[in-house]
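Have a look at this one.
The letters A, B, C, D, E and F name the chains in turn, as written, and every chain counts its residues from 1.
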Amino acid sequence: MTAATAQSTAQHDIDSPESLARRRHGQSVLSRIDGHAGEAVIDSLADISPALGHHVAAFAFGDIYDRPGLDPRSRQLVTLGALTALGGCEPQLKVHIGAALNVGISREEITEALLHAAVYCGFPRALNATTAAREVFADRDRDDDSNSNDSDSDSNGTR
Amino acid sequence: MTAATAQSTAQHDIDSPESLARRRHGQSVLSRIDGHAGEAVIDSLADISPALGHHVAAFAFGDIYDRPGLDPRSRQLVTLGALTALGGCEPQLKVHIGAALNVGISREEITEALLHAAVYCGFPRALNATTAAREVFADRDRDDDSNSNDSDSDSNGTR
Amino acid sequence: MTAATAQSTAQHDIDSPESLARRRHGQSVLSRIDGHAGEAVIDSLADISPALGHHVAAFAFGDIYDRPGLDPRSRQLVTLGALTALGGCEPQLKVHIGAALNVGISREEITEALLHAAVYCGFPRALNATTAAREVFADRDRDDDSNSNDSDSDSNGTR
Amino acid sequence: MTAATAQSTAQHDIDSPESLARRRHGQSVLSRIDGHAGEAVIDSLADISPALGHHVAAFAFGDIYDRPGLDPRSRQLVTLGALTALGGCEPQLKVHIGAALNVGISREEITEALLHAAVYCGFPRALNATTAAREVFADRDRDDDSNSNDSDSDSNGTR
Amino acid sequence: MTAATAQSTAQHDIDSPESLARRRHGQSVLSRIDGHAGEAVIDSLADISPALGHHVAAFAFGDIYDRPGLDPRSRQLVTLGALTALGGCEPQLKVHIGAALNVGISREEITEALLHAAVYCGFPRALNATTAAREVFADRDRDDDSNSNDSDSDSNGTR
Amino acid sequence: MTAATAQSTAQHDIDSPESLARRRHGQSVLSRIDGHAGEAVIDSLADISPALGHHVAAFAFGDIYDRPGLDPRSRQLVTLGALTALGGCEPQLKVHIGAALNVGISREEITEALLHAAVYCGFPRALNATTAAREVFADRDRDDDSNSNDSDSDSNGTR
C-alpha cells in the first residue's frame, strides 16, 4: 500500500501520522509569524474543538500561509483588509495586527492600512480595527518596558 | 525518511503525491454529494487558480465534509443557513441547494429552512435564497422531463 | 363582526386579545425550546421595546419556529449556520447553542457544525462561535454540578 | 372556545381565516406603499414558498410597517440605510427606492441618503445602491413618457 | 500661485491650513449633532491615528453630514438603519443613537426604527441595537438625575 | 479673508474652486492607478449623483490613496482583502484587480491573495472574487491581442 493511499483512507482523522505531521508543520509556520499569540489560540481550542485547532494550524498556516506565491507582508495586508471589513473579529484582528508587526509592517503602516480600509468598508469598522491596533501596540509597549534591553523588537520574528 | 516527514517538507505543493491523493479523495466526496455541479466548480478553476480548486476539494470536502461527526443532511442545513446569511453567494447557494436535494432534504424542507433563516438574517437575504432555490428546482424539473423514466431522482446520490 | 375582521383592524396593536394570544403561543414554543434563556430575552425587552419582544415571541417562535415543515433539530442547524456567518451575534448564538442542546443536538455535533461553517464563512467567525459554545457548555456543567442528581440533562427538552 | 384560543391552535397555518385576514391587511399596506412592485414580489413567491410571501405581507407590512410609531418616510430612510449596508440586496433595494419615491422622498434626497450611507458602510456599497437608484429613476422616466399627461408622479401614492 | 493650486499640492497633509480649516468646520458640525460623544471619538484617535480622526471630522461631518440635501433627522435614520444592519458597530451605534436624540428623534421613534430594521437585517442585529439604545437612554436618565433642573434635555443640541 | 476661511464656509459645495481643485487632484491619482476604469466610474455618476463621484475622486483618491504612509502595492492588497470579504462588490473588485495589475501585482499574486482571503472570509467569497479576476485577466488578454506590439502591458501605469 502506498503512502498516498494510506493517507486518503483516513484523511479526516486529525490524529493520524500524516495529520500530525501537517499540524506540526502548520504550527511551526504559525509560531514563526504569530509567536505565542497564535499558539495560544490553538491551545485554547484543545478542550472544545481540537479539529478546529488542527485545521487552523494544518490548513490555514501549513497549507495556505506557507505557499511561496505571496510574501508574508503581503499576506498580512490582505488579512488586515479582510478582518477589518468583516467586523466583529477583533480577537483575530489583534492576533493579526501582532503578526503584521512581526513580519515587518510598521505601526504607521498598520494604522494607514486601516484608514485606507475605511474607504471600502466604512468608518465604523475602521474605528473598531484602530481600537484593536491601539490595544496591540500598548501590549507591545508594556512588554518592551519589562524587557528594557529590547527596545525596538516590534518587527523581529521572535515574538 | 518517513512518509510524515516527506509530506511536511512540501505540504504546500498541490501536485505532490500526498496532495494529489488528498484532492482525489475530496473530489470523490464532492461527487457523491454535489454530483456534476461540484466537479464543474473545481474544473472551472483549473486555468485561473488551481490551488483554490485543490483546497475546495482537498480541504472543504476531503478534510471537513467527510468527517464522521455530523451527517450530510445536517451539514447541508448548516450550509444553507450560512450561505443565506452571507448574501451575495448565489452561485454557491445553488450548488448547495442541489446538494441538499441530493442528500435527501426535500424541496419543502429547503424552502422552509430559507423562511426560517429570514428570522435571523432578514427577509431580503431569504428572498434571494428562495429565488436561487426556484432556479435549482426548475433545472431539476427540466432534467426530469428529458429523462422521463427517472421521475423521482431529486434525492438520489448520482447527480 | 367576524373574528378575522376584528383582528385586521388593529393588527399592529400588540395588546389586542388576538396579539396577546399569538404572543402567548409563541412564548410557549420558545419556552419548550430555549427554556429560561429565551424567556429572559423577551422579559429584558419589556422596558425598552415591548413590541420587539412581542414579535420575537409571536412571529419568530409562534409563526415560524412552530411550523410543521421542518423539525426543531433541523431549524437549530440552520440557525447555527446563519448566526455564525452573520458574526457579532454572540448573545443570540449562545441562546441558540443552548436551544440546540435542548432539542437533542450533542456538544460534538455543535462544534462540528461550527467547524463546518468555517468553510463557508471563514475561520474567524467559526472561532468566535466556538468560544460562545465553550461558554454555554461551561454554564451547563456548572448547572449540572449544582444539580448532581441530574447528570445527563443537556439534551432533554425541559430546559 | 374563544377566538383567541382558536387562533393559537393553528397560528402557523397561513390559510386559516385569521392568517388570511392578516395577509390581506398586509397586502393593502404594501400596495399603498410599494404599488405593483411589492405585489409582484408576493405573487412571484406563490409557487415556490407561499409562506414566505405570506409573512412578507402579514408580518413585514401588516404587523411592522403599519405601526403608528414611525411615519412611512422615516421607515423608508431606515430601510435605505439597512439595505445599502447589507449589500447584495439590489432587487429589494430597487423595490424600496421605488417605495421611497412613493412616500414622498425626492430623487435628490434618495441619492443624498446613499452618499450619506457611504460614510458608514463604505463607497462600494453606496455605488451599488446608487446604480440601483439610477435604474429605478430610469424606469419611472420611461413610465412617465408613456403616460405623458402624468409628468410629476414620482412622489404620489398611487403607484 | 492660486489657492486651488497650493491646496492640491499638499491635499493629503492633514496639518495644512486648508486641512485644519476643513477639520475645524467638521468638528463644529460634529459638536452640534453629537455633542461631547463625537468629540471624544476624535480626541481618542489623536495618539493612534490622527488622520482617521481628521477624516471623521473633515470628511464625514464637514463634507457629507453638513450637505443641505438631507435634513439631520433623515441622516440619522439612514445611519441607524446602516449601523444596525452592519452589526458589530455598537460603540458607533451608541454615539449615533445619542445624535438621533439630539436632532429630535424621540426614544419611541428610535426603538421603532430598530424594530423596523429587524425585517431587513434580522432579529439578532435588531436586538443588539436595542440593547445599545437601552444603554444610551439609561446614560441620559443618569445625566438628567444629576441635573434635576434640566428635565427634557434629550432633544436639545447642547449635549 | 483667508483661503482657509473662505473654504470652510462652503466646504460642502462640490463646485467651489477648492472642491474642484481637490476633485481634479483626486482624478489625477485615480487615473494614475486605475486608468480608464476608474475615470469611467466617476463619469457614470455625473447624471445620478455627482457628489458621490466627487467624493470618490476627492476623498478616496485625493485625500486617502495619495497619502505617503503606505505604498500603492500595499494599498491594493488591503483593498483586495476588504472587497473580497465584503462580498457583493464584484464591479468594484474588478476595477481594483485591474488597479492591482497596474501597480505591479502579478496575476499569480492576485489569485494567491484571493486564496489567502478564503481562510478569513470563507471559500464562497474567494470563489466569487476569483471569478472576477478571471474576467479582468481575460479583458487584458483581449486588449493585448488587439495591441500586439504591447505584449507586457499589464503592469504599466497607462491603462
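What we mean here is this: a contact is a pair of C-beta atoms (placed from the backbone, for glycine too) under 8 Å apart; a residue touches a chain by one contact, two chains touch by 3 or more.
What you are looking at is a predicted structure, and each value in this text was computed from that prediction instead of being measured.
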item	value
A-D compared against D-F, more contacting pairs	D-F
Self-contact between copies subunit E and subunit F, residue sets same or different by half	same
Over-half contact-pair match to A-E, picked out of the listed pairs B-C, A-C or A-B	A-C
Between subunit A and subunit F, centroid-to-centroid distance (C-alpha), Å	27
Distance between the centres, which are taken as Cα means, of subunit F and subunit B, whole angstrom	33
Whole-Å separation of chain centres (CA-atom averages), subunit B against subunit E	43
Numbers and ranges of subunit F residues touching at least 2 other chains	51, 55, 59-60, 64, 67, 69, 82-83, 86-89, 92, 112, 115, 118-124
Interfacial residue positions of subunit A with respect to subunit E in the complex	87-88, 111-112, 114-115, 118, 122-128, 130-131, 133-134, 137
Residue numbers on subunit E that touch subunit F, as the complex places them	2-8, 11-12, 17-18, 20-22, 24-26, 51, 55, 59, 62-64, 66-69
Parts of subunit D lying in touch with subunit A, wherever the complex brings them together	85, 118-125
Residue numbers on subunit D that touch subunit E, as the complex places them	59-60, 64-65, 67, 69-70, 73-75, 77-86, 89, 92, 108-109, 112-113, 115-121
Complex contacts: residues of subunit F adjacent to subunit D	41, 45, 47-49, 51-52, 55-56, 60, 82-83, 86-89, 91-92
